[in-house]
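Below are two complexes that have chain A in common, paired first with chain B and then with chain C.
Coming up: the complex of A and B.
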């Protein structure tokens, strides 16, 4: 409503000034957001890389450390099960990402391309099930796995975590496939390609931003999951980092430095995934409109 | 031995729920012909083409290629190639890969494939574009690449679904020539769907004019133009459109003002007849059948002029094409006329009244 007054063409403020102002505002807001996001991360890193001697020297938290050390990480690796927890996290996450993405691609494609009765209803039900809090799913899942004799195995953790990520993954993939015109496939069919061949040669390459987004999303769910794993696993040797870190923090020799070092280890993979795949992520959530 | 196939449609019907998209069409498309299916949007022409391709299954009816029943054969196994309206080049493949995709599917070795692709590219003048991806090409170049796909596959039947609807006029002219050249070079039956009657008229051996899911008339362009079966055909085919003027009928004659048209015996019970005048056959100054009109607008088209006019008594629109407008200006009241042999008579419901022995409207 103020556009005619101060902004937009013909406003009171000249265009050049408007552009400069909006650039300044953009950077100011960016800097503010960055400050909020980076402060805790900086604290984590700075504590993780200091020895206890320098950490509280002078009674205050040292924000600019005189020397850096990797001792905290060494302690974690040598005296705790960090490495084993990390491997468990990797096993559960990689399997869950693979499972969730495959499910999403297959279901999304089927929902888009096949005449399934009440498919909009099905798709909505899938999305709705994502709205349900994980803890509501956890107890029935516990009972199911108990009956099946699957408790306390990787497979139950993988399935439970996938149950959390799959609904949204399927919904996202369904949306993405709807944006791929069927004409590409028809063109492939008319030239002799079977349905599978057309999917492999044409649909999957075009859907790459979609399924990579789905993979990133299910990675984030699986890597950070605490609830489901906690419920279905009781054997400590199967714990991933999220649940395992609890046990590590209880050890008497674990101080602030080691805690932050462990958090740093937990945070690193998601950071790397986001950093390297962010282009795909943007394209994927755009649902193909922004290309 | 690859040879053009004759296509026979037998009682072809497609229903979506209660909507009838294609209604009981039986059609014989001779082998090797260039056949256009033309009609306004929603007339079922694309559905018909997609059923020929096998992308849709008819609710009722059969389709035969030569004498082989193809009704239940999947699109992959029909000996045809298809050019799509939205071109449908695979955006993630280079043009070379796009053109060669069908050959690759059929297991042709790369060296042979490349040779065919290069030949096709040379013929279609897209050699420089082969290593680019489709998004780097203009619309016209993309459609040439799409034609290249059909070219290398050497199909028995080539289906074209409004391939030029997104292109500009100059490109359309170039591609029209390209389609006809392709038709000469490939031993294939062409089925070309379009809403543009001009494309259909200029390229086809035969035209099927569709209306509301049925084929209203099937014939060569001259027949469709000079001997339409209905008012719908007469007004749909030809530019400018055929003028329709209502005449009162009283038994043997249909009258309007001072002019009259003798009615054939079978039309003697009609109360009103609709008379169709092709703008090209109307002459300022009158003729055997005359109408008084007011000139509204004169459009120069180079050699020809299109004169848009309205009838004096009931303001029906009437266009005529003429080469001399030196005596005409907007607002003039003139008498235009046509030879009796050049007018069409239609019943009130649009069906053609063909004259028997006694009429003067025989063609």
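Coming up: the complex of A and C.
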């Protein structure tokens, strides 16, 4: 029945009509998805940049602001811990990205270049660990860090976040090294380069797009993380923005304007990554299926 | 080509090779041993004790039995499955639909792609509070539009209503994770050679036949991957639910990860929390086996 309608030559709905229908359907889907994706982002920006006076003038949310102001950001900086939470986020994220990427490069290189019999097992362990629920890992880590007296140190947050970002990083880097032919190294050795020099001067430059992708994905995990840090840190002064924002939102003087301004601040680094480094991100999706 | 000589170890003694391999793999082994194996073993160990933190008393499978005979266990499991399946399927629909659009777009395709990165990279906290604002009872845009069109009489408290809490969380989740499906599908679409379509057109295949016989078969792997992997991740999600409803109202959005947190942190029943974590681990292992057998993901690195 369906086939008679839309089949090839002789089908009841001519192909020209089908082409037009599919084009209309595609544009309709496109418009809907655009609206769905853009509305929350637009609202965030518009509310963050308005003063409370214009925001709800007339009892309704003003969608096209007459004037813009940075007052909400000033309130956040002057009256809340936004700046220190931001610095905590930076410390935790940068350390975790560094750890995760280094681990991925060393492991990825050795897993591709050495003859290890248990490769399938390692691959499965890596894939399996990046499917485990963060909360299932966070709970025992909390106890372990508690016993070690680390609950009020950055290191527990850094390690906990790295634990969930590293499996994918290793996986991605492993795939990336797989695609770099050994011939480049062999010709360096043939010309008398030591193994270390071949790695430094030949392999690492070739692997650059790979480890930039890995760094971006670990950045996304670390900057985004809420669960791990929430469980393993007990000292509020070390909270990153994600966990700290909940505390800020509980303050009585924080309205919608300040809330959206804070969300805007949290979104800024990801926005920059999307704007300038998206090709590396795409490569990660193509190679390792993202996170 | 096997790797012993691939790495140029020909002129070295066997022992030095061994040592080198071990040194290079040490970070990997250390990482998995300390940050994964120890916590997992500790979790399983604790699950057999009552009060494992302060005064551990071995109770065998009592924690597991207590969890499974709890009236609500199946309900929480059902909530987890409901949340995982609905977010995954809807994300796939949104992502697939939009990927088809972007793949065909004559202009603006690149900027549409950039746009989809935002939801993907925005932290869950941001997504949650954006949707709490959109769906707010007093000032939210959604309530205002529904009121203006006369679809409702008075504003709805979306996250606080029994019937709407889960759909609201699902909507916010699809907003964020639909982009994952989008990127995977788009990558696969762009890998289909144009000649396939050209040849099909020469042979008189209709638009529908082209989709059925060329596009869809090329996407099958991607679709399976999204359903399986995204499904597992959504089943495991804690943050998006915790930040919106804390599992309420009346536990309609309580999933297993929320329950693990409740037991271990809120109620201080650490033995119960780790027992439930172990149960989740077993469920994940089943998903993992399906993944390894069905999609053979490790073939890319072990050939």
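By our rule, the second predicted complex is superposed on the first by the 249 of 291 C-alpha atoms of A that agree within 3 Å, B and C clash if a C-alpha of one lies under 4 Å from a C-alpha of the other, contacts with A are read in each partner's own complex, and residues count from 1 in each chain.
The criterion applied here is as follows: contacts are C-beta pairs under 8 Å (C-beta built on N, C-alpha and C of every residue); 3 or more make two chains touch, one makes a residue touch a chain.
Note that the structure is predicted; figures quoted are calculated from it, not measured.
In the superposition on chain A, A:181 makes contact with chain B only, not with chain C.
Contacts of A:202 after superposition on the shared chain: chain B is touched, whereas chain C is not. By the touch criterion defined above, A:148 lies against neither chain B nor chain C after alignment on the C-alpha atoms of chain A.
Look at A:226: by the touch rule set out above, it reaches chain C but stays clear of chain B.
Of the two partner chains placed by the overlay, only chain C lies in contact with A:103; chain B stays clear of it. Contact with neither chain B nor chain C is seen for A:24 once the two complexes are overlaid on the shared chain. By the touch criterion defined above, A:83 reaches neither chain B nor chain C.
In the superposed model, A:189 makes contact with both chain B and chain C.
Touched residues of chain A were counted for both chain B and chain C, and C has more of them.
Shared interface residues of chain A (contacting chain B in one complex, chain C in the other): 186, 189. Here chain A touches chain B in the complex through residues 181, 183-184, 186-194, 197, 201-202, 205-206, going by the rule given at the top.
Of all residues in chain C, those touching chain A in their complex are 1-4, 6-8, 21, 24-25, 27-28, 31-32, 35-36, 38-40, 42-43, 46, 53, 94, 97-98, 100-102, 104-105, 112-127, 129-131, 133-134, 139, 141, 144, 175, 180, 183-184, 187, 204-209, 225, 229, 232-233, 235-239, 242-243, 257, 260-261, 264-265, 270, 273-274, 277, 280-281, 284-285, 287-288, 291-292, 297-298, 300-302. Against chain A, in their complex, chain B makes its touches with residues 53-55, 74-78, 80-82, 84-86, 88, 90-92, 101-102, 105-106, 149, 153, 159.
Contact residues of chain A toward chain C in the complex are 6-9, 11, 15, 18-19, 21-23, 26-27, 29-30, 33-34, 36-41, 43-44, 47, 56, 60-61, 102-103, 106-107, 109-116, 119-120, 122-125, 127-129, 131-137, 139-144, 159, 162-163, 166, 170, 174-175, 178, 182, 185-186, 189, 195, 220, 223-227, 231, 241-242, 245-246, 249, 256, 259-260, 263, 266-267, 270-271, 273-275, 278, 281-282, 285-286, 289-290.
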